[in-house]
Amino acid sequence: MAPVLEVSGLKTHFFTRAGTVKSVDGVSFHVERGEVLGLVGESGSGKSVTGFSVMGLIDPPGRIVEGSIKLNGKELVGLDEEGFREVRGREVAMIFQDPMMTLNPVLRVDTQMIEAVTAHDKVSHKAARERSRDALAKVGIPSPEERLNAYPHQFSGGMRQRVAIAIALLHRPPLIICDEPTTALDVTIQSQILAEMQGLCADTGTALVWITHDLGVVAGLADRIAVMYAGRIVETGAVDPVLDTPLHPYTSGLLGSLPAEGEPGAPLRQIRGSTPSLARLPQGCAFAARCDYVQADCLALAPDVTPFPGARGVRCHHPLNLAGVAA
Amino acid sequence: MTTPILTLEGVSKRFTKPLDAASKFANLLGAKYSEQVVHAVDSVDLSIRQGEVVGLVGESGCGKSTLGRVVAGVHHASSGRVSWRGRYTNEMSAEERKAATLAIQMIFQDPMSSLNPRLRVTDIVGEAPVVHGLVPKAQQDSYVAEMLDRVGLDSTYRRRYPHQFSGGQRARIGIARALAVKPQFLVCDESVAALDVSIQAQVLNLFMKLRDELNLTYLFISHDLSVVRHLSDRVVIMYLGRVVEAAPAAELFKGPQHPYAQALLANVPSIAARKKRFAPLKGEIPSPLHPPSGCHFHPRCPQAGPRCRVERPALKEIATGHVAACHLHDGGVGALAA
Amino acid sequence: MLAFILRRLAQALFVIAAMLVIVFFGVNVVGDPIYMLISPEMDQQQIAETARALGLDRPIWEQFLVFLKNAAQGDLGRSFVHGESAIKLILHRMPATLELAFVALVLAIVIGLPLGLYAGLKPESRLSRFIMAVSILGFSLPTFWVGLMLILTFAVGLGWLPATGRGPTVSILGLETSLLSLKGWQHVALPALNLALLKISLVIRLARAGAREAALMDYVKFARAKGLSQSRIIGVHILKNIMIPIVTVLGLEFGSLVAFSVVTETIFAWPGMGRLLLEAITRLDRPVIVAYVMVVVVLFVTINLLVDLVYSALDPRVRLTEATS
Amino acid sequence: AQELKIGLSAELSSLDPHYHNLTPNNMLARHIYEPLVGQDEKQALKPLLAESWKAIDDTTWEFKLRKNVKFHDGTPFTADDVIATMQRAPNVPKSPSSFSAYVRGKEFTKVDDFTVRVKTATPAPLVPTDLSTFGIIPAKCKDTTTEDFNLGKCTTGGTGAYKQAEYVAGDRVVLTPNESYWGGKEPWSKVTFRMITSAPTRVAALLAGDLDVIENVPTSDVARLKGDAKLSVASTVSNRVIYFHMDHFREVSPFIKGKDGSEIKNPLRNLKVRQALSMAINRPGIVDRIMEKEAIPAGQLLPDGFFGTSKKLKPVAFDLNGAKKLLAEAGYPNGFKMKLHGPTNRYLNDTKIIEAVAQMFSRLGIETEVETLPSANFFTRASQGGQGNVPEFSFILVGWGAGTGESSDSLKALLATFDPAKGMGATNRGRYSNPTFDAKVDEALRTVDDAKRDAALAEAMEISMNDVGLIPTHYQLNTWASRKGVKVLARTDEYTLATGIRKD
Amino acid sequence: MSEATLPAAAPPVEAKEETPFRRFVRSFIEDRLALFGLALFILIVLLAVAAPLIAPQNPYDLASVDVMDSRQPPGAASGEGFTMWLGSDGVGRDLLSGILYGLRISLMVGAFSGILAATIGSAVGLIAAYVGGRTENAIMRLVDLQLSLPSVLVALILVAGLGKGVDKIIIALVMVQWAYYARTVRGSALVERRKEYVEAAQSLGLSHARTVFRHILPNCLAPVIVIVTVQTAHAISLEATLSFLGVGLPQTEPSLGVLIANGFQYMLSGSYWISVFPGFALLMTIVSINLVGDRLRDVLNPRLEK
């Protein structure tokens, strides 16, 4: 069966006055039907830009320079605005990080939902409203009929995120891209949303790309994981092997820095330095300057993806834990 | 070492928006305007011993920062008393108060907004010690260099502005600023929340190092349980302005007693838990403007009973050093207290 | 809501009281009205008689007390010059000024909003830069100068529109308006454009800034992600958000429109209250100045109240009790 | 018959003919309510509602009224209306400038329906002139208020050639012709007076065809309008003189200093200094460069030919060297410092004139400064701004229009010794005082015989001008512009009368 | 704890020594139109400053102005022999000299009223925001009051009362403009006050005055700079309007506004230059200030700052 989404060699660059920012620089991944892919990485590593590229929401000075994005077999790169408009919301939806900002504060919830329905389906206002109400009910909002008449500011953060999810689900798209939808929420509310999403996707067979920097969330939710660093995916694979036996030093470093993992009070493993500027990437491996295992070739040559069994891949000249990977 | 250096006794902080003359007049005409009161902190008792790291956790808006600010002297308590090294702050002389202010320093959440963007690092860090006469003006520069060294920053960056640093470096500048006035007590308000994990580890390590080197005491505020667990000796959990449970860290993480604490711990995502089924708490966090009656947690509590709706549970010691405010541990939730 | 209105009322009373004192004593500092009223051939006896008749022979504070006493009885004084109730004179001329200001406001929005929106959404385009550069001219040129230029071009040169005056008026619901006839519109076109010029630039700027900011907002991105068309996003999502600052500012600016109409009314011989005020100031017709200030303050307070109501209708986040701060 | 649209330069304050003695008011009222005695375009008296008048003795005048005159509603006009008017005119409540001065001290008696006698306590040669200043209203409207006059509630109307049709305060007055006017039919079906205070706008409105006639054409536009084939321009010398008043009464004048800034004795009390100043003013230059030829150099207070003017007085010729010599003779070879004051936007080109004169004085060696003030401020200070409510300034520019068309008022108000009790020198802002002159004026004001009075006034004029009591610079021209085909009768009194506008 | 776990942080991302000021200058000059505006403005200021040196005539010296030279077209020779390149006005003043000197006055009026109003308004706004409570309420009511009164009117009444003169005009303009600054500064000070660096200053025991003026104030200056430009331009054209209404500056020492107002009566007569040239000078001045102001607005707007 063909994957819902197949991204290959995607390069999205921003041409700013300060130079070309290579936010996404040769990213390839795919998402199967009904699958949850966790896209993790630190701030500024290009996760959101990857998501926006799929949605066709890259604005000047940014541009998709190269690569292909196939959604249900249909090529998206090169589509015009109208072409993208037809895809958005119907074949792929997106939920954003900050629930306070994603809903227009001056429009009522029903307006914002109904317009989303009628953007793709020629249905009556009444039918659209009913559909919106059902969607709200499905994401667990009590008394949805009344809530439709409310303004966003009358909802709490968690409820707003649910409204956003309801909007994303309106057309039952086969794929939803979730850009850190729970980062701004409290732990207990985050759990509510995660539970909600889990249930809904199981029911509808929707595939998810879950963008986050929280490895814990990915561990609990995702089937597969892709770790991004400086505009590239440095490691992919099923959740368990990647988290248990990371191949890339960066993945390994990340896991080591998590306080939950160490003995309380013991010094944490830390990755020295900080993320490089995407406008001035070094010639070799982008992680080389911070890597504990750096060798001469790392500085000279950017590594390619080395495939490993179990659909794993790593972009490193000298992967770790090779022993842990079944040959 | 067992006498506390900092004690809070029934500290409350209320934010009120009083009625203006027009609203009062309107009330005479039959309108119903009332004062808006937020009980950000609601009679909290807490004592912290020398050298201890106390973690303070709770959901957003539950009053953690406000409590931290009261401790650091940025806010005054609306009621209750704070004592520092055995002296009540409201009874201190100006001299003593200044000493206390400097002794208790705060480190803030946002590494960008907590640094004045128009000042150079040397002024950010060096201003207060010079103003307070801890360091002569002539030595400001070398003193700042020393401080930067201590927090692991290259001391040649002194003449730069905050925007020229990365997030982790800014966090270090904030720490250097606090250290520059030679504090004994640090209030860390979500000081690592804005940092990436890899940077967060650097800063957490720095905190631990400084504690050992300078014998500092910490009130460590965070909503990230794993950070708190890693760092703290003792953990205090707040819910809507009140302390609901406090215990030594290891004990609390082993066996939380308050239903809220239990839910909180259960919901922390962890990389150890793969493909788990999330079993969340029901309900929304209530508004602090209109907190629920009785136990603030009762509308969301799976085990709530009639008593919880009416009666505020008191903090009860369950084991040594382990207190919780729940009727379950104090005669049950079924009936009203006599 | 009630408290809100009360607060506004109290504010208005305070402003009126303050202005009263300032105007009353200020006019006295400028000069003695008697010299502006009396015919120069008159002798000393006649001057004294007239001053007595108008109450101008008494010390200023005594005149003030008399004024307060009469005001308490609802009599705000008679115009020295016209001999009629000052407030009546003003109210009589007010519709013309309001009509002018209103048309100017509409022009400002109709012309300024689309231009500003465009400039904000395409900030880098040549046309946008051109719009912005030209909009500077709007508030660089003195109103009186532009007014005469408009007359020279459209009335004298091209002969398209009448140069001066107001068209025939009809009374609907007690309000005199000239906007119901084509002739009325022809008359109002030039003065309104003259008055609107300043505000057009302002609206362009506000709309541009608003659009630039709104375009960066997540909710616009989210609206696109929903698959909405560009026109709906601009026409509903962005527009409604930028209307909020525009409505607020224009509400405040309505006052300055009314004030600047002093100049425009003079140039275009528009029979509004601005000209009456100017005449009153030059002739030291104190009762009229006082009445004007009162009427204008009441007008502003009313408009501000309306603006706040519109504001809260546009922006559901705003609760009226907070709008004042 | 067709409509006539006229652009006026000033706003009238009321349509009540007795409320406010103000040029635009009087002028408009003249269309509706006629006075007993009229003034022709040169302000010579002519019969109007009174067919004739004569002085029976030094203190009694008799007026014979015109018969068969009807008010607008058909009510016949009789002596009763005259008596009623004389009762109302001086007593309009809240009048900012009433006509009481013209009625004061006169006793009116009805001899028969068409004869009225006026008795005065002292000889009063000016009775006919006084009675030419305001219109006669019907007895029925004796108690009509000012507001009601504005609203046209005096339905009886006047006897004039036009009837009040519409009055929109601050905007327009519309008149319709009185079909049964005793003086014949007017050619216009309707006359609209529009008030357009901004001069360029008025001109533009004429050019744009909004108006048929405009008054007070700005001097700068006269040349252009004269050159326009579609327009015609009418002008005549006006009764208004522009002059400088100077401080005659203070030992030390506040705005005059020595060159080094020290206090000096008031030089303006020295005749030679005054003569030098007058001589230093290039009157033809002002007329040519600033007034753009729309003025005539002045040598006295009214243009030649007006009643009570001297044929001997000519404008002082410009002679800078002569002036310098005089100044040196007076003891000021190096001049002094002086600040000139004047109003803004009160007289044609007022600020430019004062600036030009200041330039001329500085060529004489006097260091000048100029301060112009809004009229409201200027006239108060110029009249009573100094210590003890005396005139404040040292040297001011002012203008004076002789509404009565003869020089007695001018001399009495501007140059006679300031004396509130006698009503003399009311506007003497320089406090000039000359007993010989005063005596001559007094004599003139008591002489009923016109020829003798004319001579006495001329003599008084000569005395004051030779003594340089004030320095006249020029007489303005009154200028009207109209559409070709519409002819305006130019008047010296600045009145724009529809009755004087005819189709060509 | 081992030392090895605490390596020094990597060097900052951008190694250049870039002060906020340099950063500001760099982004400012990226816009060519704004640069043009700035150059024009500097040129205008230089011309104004150098007026006594370059003007053919001292137009304020009555002895050197001759009414016989009045209304001469551009290029005519004056009585004294120099060429009046831009013609002369109604009293014989060389227009080029008049404009150069007029610029001085107009710029002075604009700059002084701008700076004074900015200083007073900022201080008031800052205090209101920092002190809060009743003080803030009282101040803000006063500001509302001021803002609700139309500026032309207030200035008109004030100048009528105060009399003419540059100082009087400046007082009047300050009176009508300070409130804009107070409102703006209070707005941004409220935002700044909530930032953590202010709390940091408090917890470091710094005095209120130090906190307000050293920490909060510099961070509120960006919007002030922007309104200074706009309000300066506004002040200059308001002064012109007041002159037109007859309550502006003295006739004998004309500002650009007075020159325009004086020339106004010649607009129809064909002597267009008397009003048009000063009008053009005013236009250029205000346009240049606004071009600079617009760019400042863009550069200093934190929300658009990346």
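A, B, C, D and E are the chain letters, set down in written order, and residue numbers restart from 1 in every chain.
One rule holds in what follows: contacts are C-beta pairs under 8 Å (C-beta built on N, C-alpha and C of every residue); 3 or more make two chains touch, one makes a residue touch a chain.
Source: prediction; values computed, not measured.
Participant: Both chain B and chain C are touched by which chains?
Facilitator: Chains touching both chain B and chain C: A, E.
Participant: Trace the shortest sequence of touching chains from chain C to chain E and report its length in steps.
Facilitator: 1
Participant: Give, as an integer number of Å, the spacing between the C-alpha centres of chain D and chain C.
Facilitator: Their C-alpha centroids are separated by 38 Å.
Participant: Go ahead and note the Å separation of the Cα centroids belonging to chain B and chain D.
Facilitator: The mean C-alpha positions of chain B and chain D differ by 86 Å.
Participant: How many angstrom lie between the CA centroids of chain D and chain E, rounded to a whole number?
Facilitator: Averaging C-alpha atoms per chain gives centres 46 Å apart.
Participant: Using mean C-alpha positions as chain centres, tell me how far chain A is from chain B in Å, no decimals.
Facilitator: Each chain reduced to its C-alpha mean, chain A and chain B end up 32 Å apart.
Participant: Can you list the residues of chain E that touch 2 or more other chains?
Facilitator: 1, 5, 7, 9-10, 13-14, 160, 246, 264, 267-268
Participant: I need the residues of chain B touching at least two other chains; which ones are they?
Facilitator: 20, 166, 168-169, 202, 205, 208
Participant: Return the residues of chain C touching two or more other chains; collapse runs of consecutive numbers into ranges.
Facilitator: Those would be 30, 148, 152, 281-282.
Participant: Okay, in this complex, where on chain B does chain E touch?
Facilitator: Touch list, chain B to chain E: 20, 69, 72-74, 98, 101-102, 104-106, 108-110, 113-119, 127-128, 131-132, 152-154, 157, 159-161, 163-166, 168-169, 172, 174, 177, 181, 202, 205-206, 208-209, 212.
Participant: Please give the residue numbers of chain A that touch chain C in the complex, ascending.
Facilitator: Interface residues on the chain A side: 52, 55, 57, 81, 85-90, 93-94, 96, 98, 101-108, 111-112, 115-116, 119-120, 151, 153, 164, 167.
Participant: Quick one: in the complex, what on chain D touches chain E?
Facilitator: The touching residues are 199-200, 203-204, 207, 218, 220-221, 223-224, 282, 285-286, 289-290, 344-345, 349, 351-352, 355-356, 358-360, 362-363, 368-374, 376-377.
Participant: Which part of chain C faces chain A closely enough to touch in the complex?
Facilitator: 217-219, 221-230, 232, 236-237, 240-241, 244, 314-317
Participant: In their complex, what parts of chain C are in touch with chain D?
Facilitator: Residues 30-33, 35-50, 53-54, 78, 80-84, 89, 92-93, 148, 151-152, 155-156, 159, 162-166, 266-269, 271, 275-276, 279, 281-284 of chain C touch chain D in their complex.
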